[in-house]
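Per-chain residue numbering starts at 1, and chain names A, B, C and D are given in the order in which the chains are listed.
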Amino acid sequence: MSASLSRPRVGVWLIGARGSVATTVVTGCAAVTAGLHPPTGMVTETPAFTDSRLPALSDLVFGGHDTLDCPLPKRAESLTAGGVLPAGVATAVASELAAAEREIRPGGPTPGDTRSDAELITAFTDDIRDFTHRHELDRTVVVNVASTEPASREAGAPLPASTLYALAALRAGCPYVNFTPSEGMNHPVAAREAQLSGLPYAGRDGKTGQTLLRAVLGPMFAQRALRVRAWSGTNLLGGGDGAALADPAAAAAKNAGKERVLADTLGTVPEGEVHIDDVPALGDWKTAWDHVAFDGFLGTRMVLQTIWQGCDSALAAPLVLDLARLTARAHEAGLSGPLGALGFYFKDPVGGGPSGLAEQYEELVRFARSLGHTEGTGEAR
Amino acid sequence: MSASLSRPRVGVWLIGARGSVATTVVTGCAAVTAGLHPPTGMVTETPAFTDSRLPALSDLVFGGHDTLDCPLPKRAESLTAGGVLPAGVATAVASELAAAEREIRPGGPTPGDTRSDAELITAFTDDIRDFTHRHELDRTVVVNVASTEPASREAGAPLPASTLYALAALRAGCPYVNFTPSEGMNHPVAAREAQLSGLPYAGRDGKTGQTLLRAVLGPMFAQRALRVRAWSGTNLLGGGDGAALADPAAAAAKNAGKERVLADTLGTVPEGEVHIDDVPALGDWKTAWDHVAFDGFLGTRMVLQTIWQGCDSALAAPLVLDLARLTARAHEAGLSGPLGALGFYFKDPVGGGPSGLAEQYEELVRFARSLGHTEGTGEAR
Amino acid sequence: MSASLSRPRVGVWLIGARGSVATTVVTGCAAVTAGLHPPTGMVTETPAFTDSRLPALSDLVFGGHDTLDCPLPKRAESLTAGGVLPAGVATAVASELAAAEREIRPGGPTPGDTRSDAELITAFTDDIRDFTHRHELDRTVVVNVASTEPASREAGAPLPASTLYALAALRAGCPYVNFTPSEGMNHPVAAREAQLSGLPYAGRDGKTGQTLLRAVLGPMFAQRALRVRAWSGTNLLGGGDGAALADPAAAAAKNAGKERVLADTLGTVPEGEVHIDDVPALGDWKTAWDHVAFDGFLGTRMVLQTIWQGCDSALAAPLVLDLARLTARAHEAGLSGPLGALGFYFKDPVGGGPSGLAEQYEELVRFARSLGHTEGTGEAR
Amino acid sequence: MSASLSRPRVGVWLIGARGSVATTVVTGCAAVTAGLHPPTGMVTETPAFTDSRLPALSDLVFGGHDTLDCPLPKRAESLTAGGVLPAGVATAVASELAAAEREIRPGGPTPGDTRSDAELITAFTDDIRDFTHRHELDRTVVVNVASTEPASREAGAPLPASTLYALAALRAGCPYVNFTPSEGMNHPVAAREAQLSGLPYAGRDGKTGQTLLRAVLGPMFAQRALRVRAWSGTNLLGGGDGAALADPAAAAAKNAGKERVLADTLGTVPEGEVHIDDVPALGDWKTAWDHVAFDGFLGTRMVLQTIWQGCDSALAAPLVLDLARLTARAHEAGLSGPLGALGFYFKDPVGGGPSGLAEQYEELVRFARSLGHTEGTGEAR
């Protein structure tokens, strides 16, 4: 078909495909494509990315794994009731939701699952390959948007599910993005394999609220030579994420990312803790309060407080679309290994790079420009 | 004396020399020089400025104009009682305060003053020249830290006092810094003369709190393609500044600067007003509340609020010392005209330049580096 | 019919019948009656009012005046889109909205209206009488929920619209509630007539957010003997109310009420201003920030800040239903004059009474109890 | 001496006599007595208590136990540096601080202490008796203002220190106040003995900030029939209290009190946690952030947030003086058992009583009035 010849279609395989973020990704992509909403929050739709030869939103095809049963259209309905999706949009894009729902395969391991790690990886790999082939996709990007796993890497522990999926991505020849703090490709077993794979990957833990703020406020204090004494924070959130992060082990991974931003931008680790509270009453809405005690000239005590009230799925979804497009294009352009230039999106970026948002943005724009100059391997062949 | 031969001494002539900011500048410079306090808040004491050949803090000599009578040591006492200066420091640097006090000359015009503009300018010029000569200073930087004037430039209106002082600086051959929103060198009469003078100047309106925050948060929203719908703010402050800015005409100039930062970094002017309330009970302490209503993906409504509680004099003083040193060095290096590279310090920078703090910081650091490479004109001759 | 014999039906005649508050009142009354929602926010549905012999929600019949054309069902639709009404409820009570819409009569004076005050009052009176008779109502309560009028009572000025409506209520023999800061029954002309009418009335200016908080925080500071130095506040709101109150003359009436609460509960008027900003982006949602600077033991400076984020119509509507029921019952019980016991609901209560919320609540509960003991005049006759 | 005949002098024996609160109590009492400061924060100095026949501030004599060595005058110095005490006041009342310091006896058990519980109680009892006799005091009130103990009442566990002191108070015939969440008189062993003693006692856990607010905001939500969904809080504090409460076991006792206020005033326990973070950089200053998610009419989601920034010692000290005076007078008036009427002061009041601050205040005022009517047992005999 002429369309598929001239315009490469790209798969987006979502781990956690029936979660709030995935549902918002699929709904939002269709709504923006249909012109129902402007692409607010999508950095790749700003002028700096015009010439980056990214896949069009209309060329993205969605599928994924999930261990939950609630079908996407039903999930979209409940997100509409919760105010995450605007009234009417889910019905307007019902066919796209149904199409994505048809491409969701059972994830794992589920409780009582008797399959070995190897069997699970093979099953996942087959699912992704089948999806790519049936849709005649040029490539498929695997994106982890599942609930955060508890952090625990004891010797001899079984591989975390996120790593099983990451390995499946590698085996299926797919670039990979980890939007969560789970281990995924960071597990030594996967990291080794990733290095040999020649595939690009990005992560981890999307920077959507409190850490986004810290990534601009930390540099501000440093540049003004103000001495931060203590930086304390509390996050209130409901939804699945609140419950998952109420587990101290799961929160630990997330908090490490938050602290890293301060340490890197301030040059020291200030006093202060970070709390993540599960508050089911808040649903998908999140409130983050930060209290920064700092010293000015002659030791005068001053305070900055910030209160961020946002909807996590609505903050995450456009970034997931950005990342899928950028990573797909990076793959097309023949790039491999950790995509450090995508640090703008993450709390704990793979591949090093600066921690201040302004520098990360500059690096991202440079990267976007370079993507425009590089011939795609697809075209090269 | 060999010291004065090898180490150029620099005058700092403060307009508003008995105000809170000036008192904190003189006290703090002496306290840091004496090793009583670290130079918190002084950007020029960070590593990026090591090779910029700035005058040492110990080589700064203070004087200035004021229309008030309360002597500096007494003012320092009351700032100590108000918690602006830490206990003990004013007594520890009593001799430096007394020395600066001896160099303060009567400002003007005072109520009932019968002198013409020309006479006032001449008197101010003579004061500055006399100070420079008596102390055998290499140069004197004039810095306006007086209370904000009402903004009113009607045809035929008398020149504002800040412009009289700016003209005196030019006639005395001095570089000039306007740390306030008053007109000063921006008045057409002074601007014309400045252009011909070959002198460097900087301004205007130091960026110490709410606008500092806006200069990092504005770019954050823009870079993340989030749509800011409304940005509202309220400032509560006492001290002389609160009373001066409670005058809507005086506040107008200040608010224009605040709005400019948003317009430049967001690309649009969002809804929302800025209030400046005089709350004498707060003394020199300032609270700024900002409420930002923004849209995320699919139009989801989100909110960021910030609360900044700081001491204005303690925020301003280290920046004034920075600016005096940088402008003195720029003069020594033979630079002239508006110093656009100092936009990092100002709400409404002369000479254009970026509005985001991160870019302003980069430009400042580049400038600092260039100062190290340029021979001073003094050495050149 | 036996139902109308045993259960007195009560009219609620809303001035501003197509506004946000009125729409929420009609929608909510129907939704609660139908069991779709619990009566959250309705004080009269709590146990303390069980024996007060109030009219049932299902016995309220709605009508009113408005100068706007947008029909109630359409207004309910737009409130649903704005998140004020939950999805689905407006359609579920469509017939009740249509019924109320049929009972809305044109208000006035509209621009270009040539009718005299007397003619307007007569027209309004006839509308109310006609409504009461056609529905065979025992009584009709007139409630003003229209936009706030500018405050201006110059000699010889025409009567404000709110007072024309108040006079019409009197002439129609109806009890009256002023939920707004407009003059209404407080205008001397109406006040005189009210005194002679033998009718009960209540007002003014519903206490829904910032002033509600002040009515509990003011007493707290007083009871703890803490010295409040300054109490400053900023309100951000969109909707029609934001636009109306952006007019300083309209805001003046509202702010007087807010200040009165502090003066009465603290015993002094602290420093500080109150701002009301029109922020259309916020729609019907309101944010109120309060900053209280107070002194503790030995003059130690402390601060309390509150941020209230609410939906004004959703806060007002249940109170309007409460007031309609209580005032109807007061009328039935033969009470007349200002209902001081309803101060719990108002910023600026008619009839004096305490300003602290706790005392106001006690008085309200006492009143509720007394309503249970009094025979209604209807039954008495 | 005639003075001691006509004016009964009262001892105030402070457990934790060299802590921040105790130091502020002694300093403040002397400063207010000397007319250096108004009695801000002392409820007993308001008109409602004029006729309660309380001991005068000038008739209070201070002593106490502590396990720390830092003498009171030195502690006062460091509180002055930290901004808790205003400059100059500690030196102005140096002789009163020295007098109290002379009456501080070693507390216990200290690490390595080999004395048995019985020996400790006896030693403490002797100290208190000796103090009372030497100063010819009419009575001595024992007040616990020591650091919070970990909550742990396992079978067979040794008696907590706070209970040893409480028992000593009973044996010395002294009324007792527990201003902390430690067990003190609530331990079954002490409770039994208290019942038989005929002595009055009060407690526990002074209500100084977050819980004070909750005690007025909880009733507000209840009275307005608004449905509180979640109430979350974070406390940041330094000083010894921060460190003590960072211990989860110690925090548990404190949080139970906070939660109790909500449960009692709202009628349900809402979702949400309370965190207490040790932030040494804040010193004696405390910041408490509360986030209340509540439902309005038709389930509309609304939020109230409060930020309380106070100095804990300055909030506690005037209440301690109030309690000492009231409890001394209660003892004089022959009252015994738990003083439920003092619930106004406590998070977790002994003797039951209402939880809302307004009702507690009413009860306190009634109690104050009754104290004026009761003859003292001293005079009665």
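By definition in this document, contacts are C-beta pairs under 8 Å (C-beta built on N, C-alpha and C of every residue); 3 or more make two chains touch, one makes a residue touch a chain.
The chain list, named the UniProt way, goes like this: A, B, C, D = Myo-inositol-1-phosphate synthase GAPDH-like domain-containing protein.
Everything numeric here is computed off the predicted structure, so don't read it as measured data.
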Pair sharing more residue contacts (C-beta pairs) when B-D is set against A-B: A-B
I'd like the Å distance between the centres of chain B and chain D, where a centre is the mean of that chain's Cα atoms. 48
Centroid distance [mean C-alpha coordinates] between chain D and chain A, Å: 50
Separation of the C-alpha centres, chain A versus chain B, in whole Å, is 43
Hunt down the residues of chain C that sit against at least two other chains at once, touch-wise. 83, 303, 305, 307, 309
What kind of graph do the touching chains make: line, ring, star, complete, other? complete
Chain B-touching residues of chain D, taken from the complex the two chains share: 80-81, 83, 87, 307
Any idea which chain B residues touch chain C in the complex? 229-230, 232, 234, 236, 270-273, 275, 277, 279-282, 287, 289, 291, 293, 303, 305, 307, 309
Could you list, by residue number, the parts of chain D that touch chain C in their complex? 24, 27-28, 31, 37-43, 45-46, 83-86, 89, 212-213, 216-217, 219-220, 223-227, 295-300, 302-311, 314-315, 317-318, 344, 356-359, 361
